[in-house]
Amino acid sequence: MTLTVSSINKSYGKLEILKDVSLSVPAGARVGIIGPNGAGKSTLFAVIGGSVQPDSGSIVLEDKTLTDMRPQARAELGLVRTFQVARPFQHLTVRDNLIVAAANQYGQTLIGTLVGGARVRREQDAIRERVEELLKFLKLDKVADNLAGRLSGGQRKLLELGRALMVKPSLILLDEPFAGVNPVLFGEISERIVELNQKGIGFLVIEHNIQALSRIVSEMYVLVQGSVLAHGAPDEVLAIQEVQHAYMGGAL
Amino acid sequence: MLTMYFNLVVNGIVLGLVIGLAALALTLVYAVARFPNAATGDMITVGAYAGIGVQVLGSRNTLLQGSAAIAACTILSMAYYWFVFRYLRGRGMVALLLTSIGLALFTRGILSFFAGHEQFVFQIPLVEPYVIYGVIIQASDLWLAVVALLSVVATFAILFLTPIGRRMRAVADNRDLARASGIRAESVMIPLWGIVGAVSAIAGIILGIKTVVMPETGWLLLLPSFTAMILGGLGSPIGAVLAGIALGVAQEVASPFVGFTYKIAVSFLVLLVLLIVRPQGLFGSLEEVR
Amino acid sequence: MLSYLLAILIIVGVYTLLTQCLNLHYGFMGLINFGVVGFFAIGAYTSALIAIAGYPILLGVLGAIVLASLSAWPLGVLATRLREDYLAIVTLGFAEVVRIVVTSESWLTNGVQGLPGIPQPFSSLGPNAQGLAFLGIVLACNLAVLALIMRLAHGPFGRLVEAIRDDEVAASALGKYPTGPRIQIFMIGAGIAGLAGALYGHYISYIVPDQFVPIVTFYVWMAMIMGGVGSLPGSFIGAAILIGLFEGTRFIDDAFPGSIGVEMASLRLVFIGLALVLFMRFRPQGIMGTRMQS
């Protein structure tokens, strides 16, 4: 499903965080956003994810306007986000983190949990089956019974990705998938993303680490001081002098 | 008819000042310690009983009674901090709130054990009331209002004009920043709890003179005071006092319609409407609210 | 002696129900309910009035559960929007308003005189047999509530609640609505307190507004803290300690009119207040040793 973000503006008081930001993620594409600290990347994700309301502009997924929807409704339509600092459910095990995330569980309703009987049992069995597969896919099966709060940074990122996958999304917003991750795991995470993409899931990725990002995306937006400065294939974008200047003081 | 309402308004202002003082005591603690101090109500009761104690010993001098109340409450309040709250820093709102409830019950239990459950009344000399266009203003009400206002002014003077007040506000604003500039939060706590005690004492004396003194006197004031604190914008001393006055007037003016017993319910209703419509209070900012 | 023991056990059972209510609200869902006594009172008065009007006691008890739950609905809705300390204040105020209503609306509740002659079940049996049968009912109610809470806590629903409590933002991003479970749990817990009220009224057979003062709520908090927050066996242990060591006398007094001095009531306040302070300071995890959530 194609995500179209048009002319988003967002200010806090006099501080303009996002200025007329537009971007689009074609169905099944891998798109990246780079930009220096304070460029407004995370605010943009919050706006797309629905936890922050934009002052103006629109967010459309395929043919549905999401702009006024709550985060939950967006997730139900297949748009799921992760967080810059991973937010696992600390008091649940890794396995339960994944189980709880599955969408539309009858067992999670009051009626279902009290009198759901066989229907809930079947549903939960099916979810557990998916979870076991996913644990192996993400190489989290060895820590499946650990409390999620005890995971390493990289494992948290993987768990968050897994949780998003449990929702069966068509587009995942990844907020800095490599931040706080042991570089040894970079390849691991990149591979998983590419594999998932081949199954048809689109990705919009914020990342600070340009090298790691350019390996997984085919298209890139550069966000500087709340505006889109450039847009194109990673090589093209990184070759632009302004980008080099804005991003790293020219030292790219 | 109209004069009846004016009389209710006058009465409401005096009771509202009491609510405002109680809300001020709540707000001061909230600003630095971040919990609603449920022991405030019973601290007010202690103030009222201290005054009654002086009267029982034979002095009808209100000034003497008030001084005894202030002394008792200031010491008790500082003791609460020193022996109890000091050890609970960083333990979360629920622990502090439950502890303050515990202190409230403890205090009331001690008071009622020694003073019993019967009601006491302050014996104040009867003075011809002023009558202005049919509105009756008791001389005592006038004096009580003046005393209440003076104590509010004094509190603000301490908060805004003295070095210790400046340090208190710095800690309330941002504990870490205050620490970074060399102000230890602990250093302002003792004087702050002292002020809270003194303010409560004055509220207790005024309330005692206006109504009757019994073990539940202060506890019953708690709900309107909480409401005034939130109405005034959490952590805003001026807002708390103004909201208290507004609430006192609202309660009194509403009483002919809803009946005497439902007076407390009035502030609950205000609280509900407020939390639904404007949870940040009338003078507050949104950031405090989830 | 047997009747004395039965009376104590029945009151312990009623308090265990109340403690289970609070454990569901606070221990399980993190809702600070300072108005337990309000739901307790609604349950007691509803069931008493229905039974006094001549309808079956069972209908009264059901009515108590339903009305207590319904009265919790607006508070539950508010709870989803409020900071936790505000909810504490609002529920405290709610319980006070309930008490004012039952005190003032004499046409319905007989005001401060209270409701005497609330029908008791099994009245055809002898006193001890009746007490025993009543104890059986109280026990059955406690077990049913225990089963209900276990079911809620240890299934997909419980997992969802844990996730919401851990990180509401992350749960929302995954499509989970935190409001539904909060309101539902608040209402279910209130229903449990209503049930406790109904049982209390039918056992004591005489209720007055003074039995529903705010301190009752804090007795329940004390029982929960002593037993350990979130520990269901702890609910019973906490309630048993509270009643057994200390409260029994007063409720026996309610049940079999006689009098214990006002000093006793004051000492009780001192004791409960001191215990609350000391537990919070030295052993917030309770006797059973679970972690206190804040």
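Observations, loosely collected:
By written order: A, B and C. Residues from 1 in each chain.
Going forward, contacts are C-beta pairs under 8 Å (C-beta built on N, C-alpha and C of every residue); 3 or more make two chains touch, one makes a residue touch a chain.
Note that the coordinates shown come from a computational prediction; the quantities given were computed from them, not determined experimentally.
Taken as a contact graph, with one node per protein chain and an edge wherever two chains touch, the assembly forms an open path, each chain linked only to its neighbours along a line.
In this view the innermost chain, defined by its CA centroid being closest to the centroid of all protein CA atoms, is C. Centre-to-centre spacing of chain B and chain C amounts to 31 Å, using the average Cα coordinate of each chain. The mean-CA centres of chain A and chain C are about 44 angstrom from one another, to the nearest whole unit. Taking the mean of the C-alpha atoms as each chain's centre, chain A and chain B sit 50 Å apart. The residues of chain B never reach two or more other chains; the list is empty. Chain A meets chain C in the complex at residues 49, 51, 70-72, 75-76, 80-83, 87-92, 96-97, 99-101, 103, 105, 107-110, 112-114, 120, 124, 163-164, 166-167. Interface of chain B with chain C (complex): residues 35-36, 84, 87-88, 91-95, 97-99, 101-110, 112-113, 116-117, 219, 223, 226, 230, 259, 261-262, 264-265, 267-268, 271-272, 275-276, 279, 289-290.
The touching residues of chain C, when paired with chain A in their complex, are 148, 151-152, 155-160, 162-163, 165-167, 169-177, 180-181, 184.
Those residues of chain C that touch chain B in the complex are listed here as 32, 78, 81-86, 88-90, 92-94, 96-97, 100, 103-104, 214-215, 218, 221, 225, 262-263, 265-277, 280-281, 284, 292-294.
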